Structures are given as C-alpha cells and as structure tokens.
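Down below are the structures I want you to see.
Across the two complexes that follow, chain A remains constant while its partner is chain B and subsequently chain C.
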Partner chain A sequence: MAAFITSTACISPQNTSNSLGFPNEINEYSSNILKCVEPNYKDYINPLQLRRMSKILKMGLGASMICIKNDNQSNPDAIIVGTGLGCGEDLEKFLNSITDSNEQVLSPTPFIQSTHNMVAAQIAVVLKNHNYNMTYCHRGFSFEEALIDALMLINDGQAKSVLVGGIDEMTENNFKFFNYLDYWKKENISNLHLFEHNNSGSIAGEGACFFSIKAENSNNATCINDVSLFYKPQSNCEIEEKITSFLKKNNIEKEKLDLIILGMNGDNNFDSIYKHLIKEYFYSGSLLTNYKHLCGEYVTSSSFALWLADCILKDQYIPDVIKIDKFENKIVKNILIYNHYRNINHSLMLISLK
Partner chain B sequence: MLKIITMEELIEQLKQEIIEALDLEDVKPDDFNADTPLFVEGLGLDSIDALELIVLLEKKYGLKIEDPQERRSILYSVRTMAEYITANRKE
Partner chain C sequence: MPRRIFITGIGIVSAIGNNIEECLISLNSCKTGIATISRLQTAHNKIPAAEVKLSNEELISILDINEGKKFYSRTALLGMLAAKEALNYSNYKYNKTLRTGLISATTVGGMNFSEQYYKDLLSSDKHKEYIETFDCGDPAERIADFLKIKDYIATVSTACSSSANAIMIGARLIKNNIIDRALVGGTDALTKFTVNGFNSLEILDPTPCKPFDANRKGLTIGEGAAYLLIESEDIAEKQNIICELKGYSNANDAFHPTASSPEGQGAYLAMKHSLDMSSVEPSTIDYINAHGTGTDINDFSEGKAIEKLFSPNIPPVSSTKAFTGHTLGAAGAIEAVLSVLSIKNQMIYPNLHFSQPIKDLSFSPVTNLIKNVEIRNVLSNSFGFGGNNTSLLFSKC
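Showing the complex of A and B:
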C-alpha cells in the first residue's frame, strides 16, 4: 500500500496557507484555543459561493483549491475528507435557530450545511466533479481512514489521483463543552511552552490539510508507505508490539528511522505513553519531534503531522521548534508518525522519499 | 401590524433585507434596481437563495406562498416581491 504526495495545502494556526513549506515565523498564542490563520479566500473561491459558507467550509474549500492549484491539476478521480466533528458552526446556528424561532420558519442554509459531508460535497460542486466522494467521521481515526481509503483506491487501480484531507474547526461552544470534560488546561499558557506544563489538559486547535495523492511518482514526491490503526490498546507493551509489527511489515528497523514525529499534546494523562516509548522503546539515537504546540489538539491533527513530514522530506529541513531535544539536522529519508487521540485512536504512518 | 409605506420605500427596504439575508457582502442596494432579475443572469442567486427568500417573506411579512407554482413569478425581482407583499399583507 503506497502512493505519492504530489501537492499539499495546510490552513492552520501557523502561517502555512500562503507558503509552500514550513513557515519562517512561528505564531505564539497566549490562550488555550489556537485559531487558524486564514488566507484571503476570494483568491480561491467564487465570492458568490463564498458568502454562504461557514468557517470550516471556507477552510476546507480553500485548502483543497490551494492543493489543486499547487498540483496544476484540474479534477481528481476521488475526493475523500476526514473530519471528526464536521460542520459544528452551522449545526450550532441551526439548533439555536430552532429554539430562537420556537421551531418555526427556519433558515435553510445552516441546516443544509450542518452535515459532516458538506466539505467534500462543496469541493465536488466547485470542481464540477462527479467522481467518488466520501467523508469519514471516525473520531480520532477520521483522517487516517480517509487516507487508507485513498491508498486503497490507488492500489486497486480505481483512481490515479485522489484529493484527501483532514479538517476540523474548534467552535467556541465545542471548546466550552470539551472544557467541561477537562480536555484543556485550566490555566492559559503559551502554545510554545506547552510541554513545560506537566499537568492535565491540552490546548485546542483546528486545521485543514489537503493532499493530492497519486499512483505515480513525479518530481521526487513523498511516498506514503503505509498507514496502520489500532484501537484502545491495553498496555504500553501492546503499543510496542503494534509499532514493531508495523515496522516489520514495512521492512524497516526502528534504528533505521531517520525521524519520528510524535503526537504529544502536553496532557500528562496521555503523554506518558509517548514518554514511555521514548525512554524504553525507540532507539536512543532517534531524532524525535512533536507538533501539537503548533496546531493544537484536534481530532484530525494527524493530517498536520503528515503535512509537516512532507515539508521535512521535500525541504530536507527540520525546524528547531519541533525538536524534542536539540540535535543536528541530517538527511531525512523516512519518517514515522505516531499519534493517538486520548489513548483511544492510535495511528502509525510511514512516509519516505523513494 | 406593519407600518404603511410606499411601494418605493418597500422596494428599498426589501433590497436591504435581501442583501442581509443572503450575505451579499459585495452588493449594495444601488447595484441593482427593482426590475433586475434576482436569479441566474441578474443577481445570480440560486435555489438555496430562493428558500432563504421564502423564509424572509414569512419571517418579516408573515406571508406564506401557498402555491409553489407562484414562487417563480413572485421571486422574479424585488418589484414582484414588493407587489406580492403589498397585495397580500394583512393591515
């Protein structure tokens, strides 16, 4: 199961949308909710279509249009989107209007746009694309499921090019709801000091990352070698076994991994898993990085990690801001991404330069 | 009870309400006249906008278009909408 990333686009809390590659300057936030830095959508979307769109639709459509533009591609054979929470803003608007108008005379737009598959559908409408169109809403597996579907379509020969993306927004209400469940830190912290706070909770984030994935390699495109998922592991030992078997299946030893991207989120209820792996499992000379201090924690944040891995492989540059411990940059030909969402949804992705 | 206003005042009021209801950010009331077609070649509105306009008539003027066949002619332009409101609103 392998395919090549020929183009990417990322709208995130960092200045990633207008640059091809990792940004030179890093945005620091002093609140526990990281909001996307959005591009001027009118550059990519017809204003008549844009006017009705909620933030997540703009983010998804904007990122997908940038991705397609970067790829000089007109229409993919499939459009696949992963989203954990879907179009929350429109859903909230619609539910509020039900109560505000006493269940009478509801505005149709928020209702129509409140479904999870609206982003993939809008991309298809704008591109006039009648091909395979799918949305995965599998909580912490949403993006990975979308990616696996894309890889399967390509490997089965059903598609030569697939547009695949991971997208989620953090509405004020969602932030509040998750706050009641102790998802976020109680004190406001700087995102750039996330890992210095050894207590419960993380920082909230959002993002839209899209990838143009193809069967054929071109211009030294990054290869997605494999993606693997596992659910609610019972122990650290089981996690180690899953990683070992994933690496074995892909004929690579852990000592040969050039870089590892970990999904640490600053919550000591969950980061202990990563810390255990760093101390007890990974090769002591492994180059270790993390990314959630840049984009915040959200259900499809692994798409940001994949975008980051693609940047590193293409530019052969590892930004200091993502390094867990200082190390000298070296040539990176393969990257393992390991992320888990609240110790429920665990995923592994192996990316390389062929 | 609705305030009695002239047809011209109603047209200007409707223009503003349409712009707000449909989030026509870049459109100003002076950009289109009372007879400009609202759909396709005129303002370029679509079927979802038509639903929003039906909701607008019901919410703001208490008018429900009972016959679906009439919708196309009533929603043709701001003037046709204003004429429908004038003819049907309850004093």
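Showing the complex of A and C:
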C-alpha cells in the first residue's frame, strides 16, 4: 500500500494557507488556545454559501478547494474526512436552542450542520461529486483512518485520486470542558516555549489539512508508504514492538529513518513515551523534530504533521523551530511520524521520496 | 482474487427485541416496536418512537458492569449488548494470531449525557467526568475494551448510512489484509437532540411511520444497535458461516445536505455498483430491504432508483422501519442483521402500515410475512444526510 501526495492545503494557527511551503515567520501566541489564521474564503467559496457556513465548514471547504486548485485537477475519485469532534459550533448552538426554547426549536439549520459528515458532503455538493464519500470520527485515529481508507481505495484500484483531510475546530466551550479535565496548562504560556515547561497539560489547537493522494507519481511527489495505528499499548516495550514491526513490514531499518516527527505536546504525563523512545529506541543519527507548538494539540493534529513532512521532503528544508536539539540540515529521504493521543490512540506514518 | 467475506455472528437490540430471538418473534408475529415515547424525557411526548425496552440501569445489570457504571452512555450500553451477542453467536474466541478489529458507527455518541450536562458544564465542572463520553469515539472504545478487541478500532459517522459504511469498511480492511476479522455495526440511543432535530425539519410522522405509502407523513425515530462478526474465508469455520457479504458500495447524491435527489442518483449508483462488484444478476435478488424511512422525499427517490435498476422485474421490497423505527446510525447494521436473518430463515418481512401505493411509482412493497421462500441474495439500502448512500449485498452460501 503506497500512494503519492500531489497537492496539499493547510489552514492552521500558522500562516500556511498560502501554499508556499513552510512559513518564514512563525506566529507566537500568549494564550493556551491557538486559533487558525483563516484565508480569505471568498477566493475559494461562493460568497452566498459562505454566509451561512459555520467556521469548521469554511475551514474544511476552504482547505479542500485550495488543495484541489493546487493540484490542477477536476474531481477526485473519493472524498474522505477525519474529524474527531465534528461540527461542534452547530452542535452547541442546537443544544442551546433546545434548552432555551424548551424544545420548541424553530431552525433546523444548526441540526443539519452539526451532522459529522457535513464537511465531506459539502465538498461533494460543490464539486458535484457522486463518488465514495466517507467520514471517520474516532478521536486520535480519525485522520489516520481516513488516510488508510484512501490507501485501500488506491490499492484496490477503486480510485486513482482521493481527497483526504483532517479537520477539527477548538470551540471555546470544548476548550473549557477539556480544561476541567486538565488537558491544558494552568498557566498561560507562549507556544514557542511549550517544551520548556516540564509540567502537566498542553496547549489547544485546531486545523484543516487536506491532501490529494494519487496512485501515480508525478513531479517527484512525496510517497506515503504506509500508515498504521495501535490502541492502548500496555507498556513502552509494546510501543517499541509496534514500531519495529511497522518498519519491518515496510523493509526499512530504523537507522535509515532520516527524520522523525514526534507528537510531543508539552504534557509530561504523555511526553515521557517520546522521551523514552528518543533515549532508548530511535537511532541517534535520525533528526528529531516536533510540531505541536505550532498547531496546538487536537485530535487530528497528525494531519498537520503529514503536511509538515511533505514540506520537508519537497523543499529539502528543515526549519529550526521544529528541531528538538540543534542539528545541521542534511538530505532527507525517509520520515517517520509517530503521534499518540493521550496514550490511547497511537499512529505511525512512513513518508518518503521515491 | 480478493478474500471472500463471511458473516459468522450477529447481534441486535431494538424496539422489537433485546436479542436475535426476540426480534424474530416480533417479526414473525408482525408486531411493531413503535409506541408513544415513554422512557426519554422530552416535551414531544406525544410523538411515536421506537424505544428499546431496557433502561440504562437494566443494561448495566445485564452487562454486569461494576466499575464507573454511571459513565456509560446509553449509546455505548446498547452497542455493548448487541456486540456481545454477535461474538457469542459465533463461538468467537480470542486468538493471539488473529487480528481483530471493531468498526463501529454512531451519529449521537454520548449525546444522552451531553444534553443533560452541557448547560451545567458551561458554569461549573461538577459533571466533568461525563465530558469524555460526549464524542462519537467513546462508544467504540467502550465496546472494544469490554470485548477485549484491540487491533483496529474505528468510528464512522455519516448520518443514517453510518453503520452500513462500517460494515463495508470492515470488509475492505480484511480484504486489504490489515485485519483478519472484524466486529462491524453501529449504535445510537434515542435523544432529545435527534427528536428535536427531526421535528424541526418537520419530517416526523405524528403517527407510526408508513414507508412507501401514498399518505406517508415522515419517519418514526428509533434507537438500537446491531453488530455482525465478519471473517475472511481463510479463517471462518464452516459451521459458523451464516452467509456471505458479496457486494457493497458507497456513492454520493451530491445534491442537497438533507434531501435526496428526485431521481435517486446516489441510491441508484450504490445499488448498481454493489451488484457489479458481486457479479450477481439483478434477477437473482430475491429481496430488497429498503431504506424506506417514510419521508416524502426518500421513499419516492429510492423507489425511482429501484425502478431504474430493476424494472420491469422488481424484486420484493419492504422497509422494516415500521417495525424498528429509524435508528439513524444503527439503522444500516440493524437492517443488515435482518437481511442476514432473511437469508438464514428464508423469509421476507412485511412493510407494516402500508395501504396505498405512491402515485408515479410502479411497485408496492410486500405487505404480508412471506415464509419458506427461496432467498439467494438480499440488497440492503442505507441512505443518509449529505447524500451519503450505501448498499450492501448479502448472499446465501
């Protein structure tokens, strides 16, 4: 199972939506919730439709249209979206209207727009696309499951091109609720100093990253070799075994991994796993990087990591801001992305230049 | 050749019964599960609905949950009950060398808790323990942990076609050698959120739903769960095989967020592709378990799509939603289980509450229970918001 990324789009808390690769200037935030820098959607979405859309719909539709535009292609053979929390803003709106009106709700719009597959459905409506259309909503697996589905479609010969996206929005209320559960740091910190605070909690984020995935290579496109997930591992030892068997399946030794992108989020309850792997498992010559200080922690943040991997391979440039320890840049051909969400949903992606 | 996929276990909980046996009794006696809402606390208590007869406390007791029992959403509990039955049915055993997945569907997740505690949580953290049960992923992880399934856990949410998609995805994961067997299906509890949602869309029938009837007034909302154990041909034991999943397809209407296109383009494509991939001749489809919600638009456009594909030899068609109500994210799986039972027991279910055919539709649904009839292939349709259309094709082995 392998396929090629021929186009990407990334709407994130960084200035990434212009599709010019990794941005020169990095945005610094002083609160623990990182919100997307949104593009001018009018360039991509019909203004009449735009007015009625919630933020996540705009982000999803915007990113998918940018991705398709960058790809110079008309219509994909499948549209697949991963979104852990779906359309939270409309869901909250509809819940409120039920309570406030004592169940005498008049407008169905937020109910319709709260449906989890609305982003994928709207993309299909805009593109008049009658093909396979799927939405995965499983926490830290949502994006990976969408990607695995895309790889299966290509592997089966059912699709030559697939539009895949990972998208989640951090609403103020979800931020608050997860704050009750100590997901976030208690003190406000700068995202650029996330890894200097050795305590509990992370910073919240959001994003919409879309990818055109194709069966055929063109213009030295980045190759997605494989994606794998594992659930609630019992020990660091089991995690090591999972990574080893993933690499073995793909005929690559860990010494051949030029660069590793890790999902560290600054929460010492969870980063210990990555630190263990760095110390005891990974080859010392692999370049080590992380990304969640740029986009924040959210369930589909691994889609940002995949976008980042694609930038690094395409431009052969490793920005200093993602380096865990300083190192000299070198040629990067193979990248492993390892992320876990709260030590429950773990995932591996192997990306390379063929 | 891709690996063949066999169904080796089934489990269900719905308004017509808490397990396979009870559901079969209701089907055989043509007894609907629809009644006035009694368990859900809602202002719309005059609306009929298809509620599962067990309370959350009863579900917790049957499932023998001891730890943290307060924090299992109704969606999770229903799913656990049906999933457990599917595994027991198949003589499932844990086997370290076999990779087992759970592909589960839901549209509401732990909504019965979010609608209860959301407002309070805006001002205090008093009910914070419920927060992690709100999302769609929670029921699948509860079921997986309960049944010790670990190798691939996924949640699909595509409105009312969700669990049909979960079944299709499970089959594809097996064919792609990512897992060897999978528990596939879906679960959704009745909630104020969905009752009010469909009510605001003005598509709830004030009387029990009448699918494919000229005077249909809308759907009747229901709740429930169903799961199937599917296995690759390499590992399925012969004595456990109930039938085969020969075809599946998902297509999109790309027409409107909630309404299907008048000619049922997505529905037609989903059915057509399912037939094409299975090489099953349309003339050997002996029963279509229709999506048939009872809404004005669905039944007409689904009917048109069936006509386009099968006319002039339209197979027996019925919707079982007048038995079970429309169970949203669970509907595809509940109807898949009923389709499997149709093959196993060689029977066709009646489309209850039907009296007058739809004008401009050339066929009427089956209205009587038909037994001892040859059922070789059954097509099961599930269509959802966002024009998401899926057909599954089950075949006798």
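Everything that follows uses one rule, which is that the second predicted complex is superposed on the first by the 352 of 354 C-alpha atoms of A that agree within 3 Å, B and C clash if a C-alpha of one lies under 4 Å from a C-alpha of the other, contacts with A are read in each partner's own complex, and residues count from 1 in each chain.
Quick note on the criterion: a residue touches a chain if its C-beta (ideal position, glycine included) is under 8 Å from a C-beta of that chain, and two chains touch if they have at least 3 such contacts.
Just so it is clear, the structure is predicted and the values come from calculations on it, not from any experiment.
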Fit or clash - chain C, chain B, common chain A: fit
Partner chain(s) touched by A:328 [first = chain B, second = chain C, both, neither]: neither
First (chain B), second (chain C), both or neither touched by A:108: both
Partner with the higher number of touched chain A residues, chain C or chain B: C
First, second, both or neither for A:141, with chain B first and chain C second: second
Three-chain overlay, vertex chain A: chain B-chain C angle, C-alpha, nearest 10 degrees: 60
Chain B versus chain C as contact partner of A:52, first or second or both or neither: first
Contacts of A:127 with chain B and chain C, given as first, second, both or neither: second
Contacts of A:187 with chain B and chain C, given as first, second, both or neither: neither
Where chain B and chain C come nearest after superposition, their Cα distance in Å: 8
Those residues of chain A which chain B touches in one complex and chain C touches in the other: 105-108, 112
Residue ranges of chain A in contact with chain C within the complex: 1, 79, 84-86, 92, 94-96, 98-99, 102-108, 111-113, 115-118, 120-122, 124-125, 127-139, 141-142, 145, 148-149, 152, 155-156, 173, 176-178, 180-181, 229-232, 344
Complex contacts: residues of chain B adjacent to chain A: 22-26, 44, 48, 51-52, 55, 58-59
Complex interface listing, chain C residues touching chain A: 2, 42-44, 107, 114-115, 118-119, 121-122, 125, 128, 131-132, 135-137, 140-141, 144-145, 150-159, 165, 169, 172-173, 175-176, 178, 192-193, 196-197, 199-201, 250-258, 265-266, 269, 384-388
Chain B contact footprint on chain A (complex, rising order): 47-48, 51-52, 101, 105-109, 112
